[in-house]
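Letters A, B and C name the chains as they come in the text, with residue numbers starting at 1 for each one.
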């Protein structure tokens, strides 16, 4: 995009700005502007992110319950943290979350990158079809979870019938969200359906950023397509792939809406991911102190993991 | 500024490999569309058709789904229905056919409007705050800049439920519970970190020479910002706006915990639309379809910016 | 960029205009909050009389059962102003009373001459009192309810089915009186083809998220001998919750789930049952009496095709209490108008009309009227059931107790984790922890 001619703009600006304001505004120093621009954001984040975080930390050392505002609040030291870390139900939830996280990342990365690579071949109409693939990620995860529960019904839902059509097994012989073995896969499938386009977009950006001349050089050296892929395409797209993994990882660690509406964490607690357990503790049992400790534990976990991962990502980017 | 490269192979992919690639992608796209097509179709089925087993692919369309979505009805005795004045429209006649009477409009439209106000409001605010903060981080020496930036990003790492615990208490005490303003502030706070991060990437890409030239010519910093930098950052702003909008539009956890009769948005409302028996699937499908439309239109119109947005946000840290 | 701002402003402005034009009317309006089900629709109809008599407009906020507790307990805890009147679940009364969320009604009742002795004692204890069995009232009994059963009378009456059953089991096919009889009937109908479609024996509650599977399993547990605590020593649960009888009962519920229900109903509560029964999928359905008026009127399965029977017995009889009382929310700005509604609702004429519209009145004069039993095909069963009801804990920590039982029961029955004894033992541990935290146990 061409930069506008400063002289023309200056003229327009001079004529457009009312005199007193112009003089005052012109007077603002760089420093003042910097603070003016940053302060609102920092204030908002302090009020809605940091202050509540500190409050949560404080709550985690108490036995406060939000539905008993009049009850006495006592300091319980690290009791809540001990409870959280020794609760087998919490560990089961973390396991369910880890299983979900692992498989969704693997599937979405493989599918997303493959799609990006194929789209990069620039076949006819690729723009249109790319937009079509993007649609699932624009839906509300809660609405998606609710609707897929309908699709997964063995009697009246579409999913079993399609599987039956292709494999011949009778539709009511298996149930995706009712069976202990299949429910974890049910949520993985829905998440992959929704978010593969997101990974695809990032990988596509990565593929597009690889400059021509590297491939030209490889052609001159008579490297095969296969070789080119493994030694040029994949390594140069790797930072982007890793970035997609980071974003999807953070998001899926926090997963709540879709799974809650699809399975309610069931059957039993098979798909009860960490956020669902947290919600039950905080907003159904109203054990505010305990769930604050749980929230801090979750935050520290994801923060720590993200930190390590980002360091690795930076190393990959800078090599 | 490194432009997005064009075809990156001297020898373009062979027509055959292009066609194969195309075929695979098209098949994937069609498969992905099946659930969406099913939702769309279900919005036009009658109640019994939607829960028929085996599922019906061919059916006679009915306006029941959309009618049920926008109205509330109550069941009356056949005698009562018989003595009512003549019907006044499609939805009325549909209801009378099963001895129901339309008694008013449903809560869907108010929820949809709430979604509009809260989502667009918070997006606008996020973009304004984001672009200004990003400019400052990009151009000025801010103390502890890298730490501040990582801190801003890390605010996105808490699960929404965890964030909701103190916010719930805070809003209750301050009176922001179940208010549109409260939700706008909350969504903005969540989105602004992404906005700052993305927009800083874009603004970093805009060569400082343009601003320097403007400053030399007598512009103030502010004028340079508005007249030189902002127009060039349009792509980034649009891409950021799309991401912020998608998040705020589709958000569920905060909405379900912090809103009630006044400020509730559509996502908590749609899954609890029930008819006389179980969930009113045609109405739920209709509600989901209507809810998807604004985002769909917005994103399709601005899809080029979306792709560029991902690129830049991704390339920089 | 400019276009974007213009578009955004246009949308924002039109949205705000739309909102503004929906501004409130000037007359007094109060909001009643309840669950979204058939009786709620009947109440809307009934309340028109209140508006005619007092000029106060009524607004309603109804939320489906699976989200009802979540949404409205949240509302109460956040001191919301949405609800003036709340028809809250019977188990909320402990928490709402102790946390000052419901208005105590004793003075109002005394002033208006509303006597609790005019209402069925089980409903007064179940829906109004806290602590239980003390004369402290926080609600007016509004909706009497318990779990009951419907069955396809038309199928039971088919000669070929009757004969086959008699040949197999050496007794007549009839609504079961004991759980053993029930299982036989359910197995008999399971996977049978009737009118060209495969049908299933029974529908039972299995919902995980709110209270479904607990409200289902207690109907087997109570008759098998399950008790919440030692009748002589409150909160002593070991040996009562996990007694051998209770274990047998829990195993029986699981056996029913595995042998005799439709596939896919792993998270099903009231509405799915109605769907299953109305679409001709099951021979017998567990559900709340609240739905029976609507079912009787259903064009597909109502009338002669439907029959009703009370919860089967085993060692003893028992059935899960449902029902709600109507309360005034303490943080409501319209307390006087809300109290007026309660006064109007308590009058015998209104209670009689309530029953005729499909609501279950708790007023003695309505239920003990000689014409009552004939007034509906399920009226007799309702009276019998209300004689044998038991309720879940109504302690302030009710939600934690419920969530614990939901988890342990669903884990065992649906997710095949562990044995029945283990599930109940874990439940005792869970509940003990809760009561210790509450200071009710040492």
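Going forward, contacts are C-beta pairs under 8 Å (C-beta built on N, C-alpha and C of every residue); 3 or more make two chains touch, one makes a residue touch a chain.
In this text, all values refer to a predicted model and were calculated from it rather than measured experimentally.
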(request) Using the touch rule from the top, point out the two chains with the most contacting C-beta pairs. (result) A-B
(request) Please identify which chain has its centre, taken as the mean of its CA atoms, farthest from the centre of subunit B. (result) C
(message) With centres defined as the mean C-alpha position, give me the subunit A-subunit C separation in Å.
(response) 39
(message) As a quick test, compute the distance in whole Å between the mean CA positions of subunit B and subunit C.
(response) 36
(message) Using Cα averages as centroids, what's the distance between subunit A and subunit B in whole Å?
(response) 15
(request) Mind pulling the residue numbers of subunit A that touch at least two other chains? (result) 66, 155, 283
(request) Find every residue in subunit B that makes contact with two or more other chains and list them. (result) 51, 168, 231, 257, 279
(request) Can you tell me which residues of subunit C touch two or more of the remaining chains? (result) 74
(message) Touching residues of subunit A toward subunit C in the complex: what are they?
(response) 63, 66-70, 89, 153-155, 172, 175, 177-180, 263-270, 280, 283-287
(request) Would you tell me which residues of subunit C are touching subunit B in their complex? (result) 1, 4, 8, 11-12, 15-16, 18-19, 22, 31, 36, 38, 41, 44-45, 61, 63-64, 66-67, 71, 74-75, 78-80, 82, 271-272, 274-275, 278-279, 294
(request) In the complex, go through subunit B and note every residue touching subunit A. (result) 2, 4-13, 17-19, 21-22, 24-26, 28-29, 32-36, 38-39, 42, 50-55, 129-130, 132-133, 135-137, 140, 142, 148, 152, 154-170, 185-186, 188-189, 192-193, 196, 210, 213-214, 217-223, 225, 227-228, 231-232, 246, 249-253, 257, 266-268, 270-271, 279, 281, 284-285, 288, 291-292, 295-296, 299-300, 303, 306-307, 310-311, 314-315, 317
(request) Spell out the residues on subunit B that touch subunit C in their complex, using ranges where they run on. (result) 48, 51, 74-76, 103, 109-110, 113, 116-117, 120-121, 123-124, 168, 171-172, 177-178, 230-231, 234, 237-238, 241, 257, 260-262, 272, 274, 276-279
(message) Taking the touch rule as given, give the residues of subunit A at its contact with subunit B in the complex, in rising order.
(response) 1, 3-4, 6-7, 9-10, 12-13, 17, 25-28, 30-31, 33-34, 36-38, 40-42, 44-45, 47-53, 55-56, 59, 66, 115, 117-119, 121-126, 129, 131-143, 145-148, 150-151, 155-158, 161-162, 171, 193, 201-202, 204-212, 214-216, 219, 240, 243, 250, 253-254, 256-257, 261, 274-275, 278-279, 282-283, 288, 291-292, 294-296, 298-299, 302-303, 306, 314, 317
